[in-house]
Amino acid sequence: MKLLVRLRPIVFIAGLLAAWEIAVERHPNYILPGPWAVVGGIADLLHHGFLFKYVVASLFRVTWGFCLAAIVGIPLGLMIGWHRRSEMALNPMVQVFRPISPLAWIPIAILWFGVGDAAAIFLIFLGCFFPLLLTGINAVRNVPAVYIHAGRNFGLSPAQLVYNVLYPAVVPQLLIGLRITLGVAWLVVVAAEMIAVDSGLGFLIVDARNAGNRYDLVLAGMVIIGIIGLLLDTAMRSLEKVKSFRWAYSEE
Amino acid sequence: MAVEQALSSQVATSTKLRVENLNMVFAHDGKSTPVLENINLEVSTGEFVCVVGPSGCGKSTLLNLMGGFLSPTSGAVRIDGEVVHGPDPRRIFVFQERGVFPWLTVAGNIAFGLFKLAPEESRKRIAHYIKMVGLQEFEEAYPSELSGGMKQRVEVARALAVNPDTLYLDEPFGALDSITRHVMRAELLRIWQTERKTVVFVTHDIDEAVQLADRVVVMSARPAMIQEIVDIDISHPRDISSPRYLQLRDGILQQIGLAHKI
Amino acid sequence: MSVLAEPSKWEKFLWPVLAFAAFLSLWHYSVIWSGTKVFPAPVQVERGMLELFHKNILWQDIGSSLLRVAIGFGAATLVGIPLGLTFGWYAGVNQVVNPVMQILRPISPIAWIPVAIIFFGVGDNAAIFLIFMGAFFPIVVACGNGVSNVPVVYRRAGRNFGLAPTQLLARVIFPAALPQIIVGLRLALGIAWLVVVAAEMVAVDSGLGYLVIDSRNSGKRYDLVVAAMVMIGVIGLILDLCFRRLERIKSVRWGFRDEF
């Protein structure tokens, strides 16, 4: 019985795929390919070595952009969150910058970096920087004052306070923020590649359509994007499960 | 004996609530944990019964079974002869203050169960019970603006507004400070003496039980059984320094195995 | 939490203004020192904005963007909220549908453009479809979580008072989940705003996103590019603030602790 329950989602997906396949076969002139065609597309990409190449390119850009944003944004956020007046000063500007889609920065990115990897990484950096900054700020502000008081009470030096109290208190929230922002980075890289570079999964989608209406490759690209995005998210979630961080998530 | 019984404040009439051979086993992750064993209990109409026991012994589970929120593994709970199958507005549960709906005002909360009434009748009832629990100025206040004790009063008013036969209270004063608890106990008794519902009151505070109840059911640790049922034969208002009170309370302390010297 | 004393009220205005002034000066002098012929200085951006206002372009573009967001976001709300509530309430449904959602969710709305163009052609409808796709998933997830996070106490109380299942849903579950739903809507609106700008860069020829690309392509008017970017940021912020206003309504406020 339990096995049946676990199989239900798979049956559901199979059902959707079947319906899709039937709809496509009913309209043979319609451009949209069916599931088998998409699978064929994936195989095709694998065969020609493009799949690996493009996935690596996209991951490369994400890693750089995301890590840069994390290294700059989180410490900055933590410091700003700690210092009331800095936060008061910078918050309005951050709130204005934040809703600006990274893609709106494309002209400036191309102006500063030309067309290529650097521009794409810059866009990803932008897309990640503001969320991570805010994550850092919020994480510090959410540390209960009692922890700080206790640390001071026991005579901890500022450095010890940061290392022994702030850091452990802040890490769980940072992890959540990092996971969500990684998802954002993945969205941005695909979009950035559709517009500004000539490799990667986003590029694949645009190119496959422009150079021959290969919609099977377009959809294949989308499927792969979805799967890798999911894998990234799952990997980050398993970090959250590491025992020494678990304490913050079990408060109920 | 018969004269004393007639003079005492409770006149045992018919049986309202009967728990028959109740057993409760929780199955979790392949392990089964017996929580309640062989519970037999009779509560008369209009009686105030307290259930005490150490933390985690299953008293809340017993109350949930009586309220119909859980099904027993074996045995039954009968109210007025009928087996209890599920929750019912004739027997209202009062949780700790977190049972109050935060998105409704005080008046809104009290009105919650009154959807079957005509608006005029409903309004009268709300006004009546707001007055009874002493929250007259706060009809339009939201729970987030109220203290713990006040939230608890809202919950009691909400429960009473639907005119249930039975009230179940699950450690209702547990989250309150000790002074407020004193006040709330007096309030509860006052309200009970006006409306004379059947009350089953779960607490871990033995003093509270002896102050409030007609009878105290003492439960053992898990798997919980009824260790003893103590008749509190002091009439209200009870003097909490009287020898009889202390005697009864110490008796229960001893039952549970606690020393009364700290 | 700073070591210094509590900042006074006027400081709430002082520091942001100072920071902004510092930012503007830094920008201004960077442009001068670097001798760039193309990148605009703050003054030029301001002039550019006024120019756009006077030519009425800016209002039209703002209107186009907002309209697309309104339709796409509105549709996502109408479809997403009931769906999300269902998923939260029926754990069985959630278990079946969730894997599909988890795979679709990481796919950037922009990646849906070719599919959107197949179904809707180039134009407004494709853009609105993309906005719908972007807003839909956060709304469904937020509603689902909101429902499943309703404390058992409230559900029991509702059943205790004799509520039928539909009444329970309307009078207990929905109000209890509402704060989380509203947060989800606010986040989804933020996403919708990001997507509309991106969609307009690719699939249509009006709106703020289009303005950004077009200003560069037809004449390297970077002053207009930056002006459009500033408008995008400001309007996005205004949308967000409006929603936060909603969160302060009393019958919902209880669900929010000290929000940033």
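By letter and in written order, the chains are A, B and C; residue numbering begins at 1 in each of them.
In the analysis below, contacts are C-beta pairs under 8 Å (C-beta built on N, C-alpha and C of every residue); 3 or more make two chains touch, one makes a residue touch a chain.
Predicted, not measured: the structure shown is a model, and the values here were computed from it.
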Greatest centre-to-centre gap (Cα means) from chain B is with chain A
Per contact tally, chains sharing the most pairs are A-C
Per the C-alpha means, the centres of chain B and chain C lie apart by a whole-Å value of 49
Note: chain C sits from chain A at a C-alpha centroid distance in Å of 17
In whole angstrom, the CA-centroid distance of chain A from chain B equals 52
Chain B residues touching chain C in their complex are 67, 69, 86-89, 91-93, 95, 98-99, 101-104, 112-113, 115, 142-144, 162
So, in the complex, the side of chain C touching chain B is made of residues 151, 153-154, 156-157, 159-162, 167, 171-172, 175-176, 178, 250-255
Residue positions on chain C within touch of chain A in the complex are 1-2, 4, 7, 11-12, 15-16, 18-20, 23, 38-39, 92, 95-100, 102-115, 118, 190, 193-195, 197-198, 201-202, 208-209, 212-213, 215-216, 222, 225-226, 228-230, 232-237, 239-240, 260
Listed in rising order, chain A residues that touch chain C in their complex are 5, 8-10, 12-13, 16, 31-32, 82-86, 88-93, 95-101, 103-108, 111, 134, 137-138, 140-141, 143, 145, 148, 183, 186-188, 190-191, 194-195, 202, 205-206, 209, 215, 218-219, 221-223, 225-230, 232-233
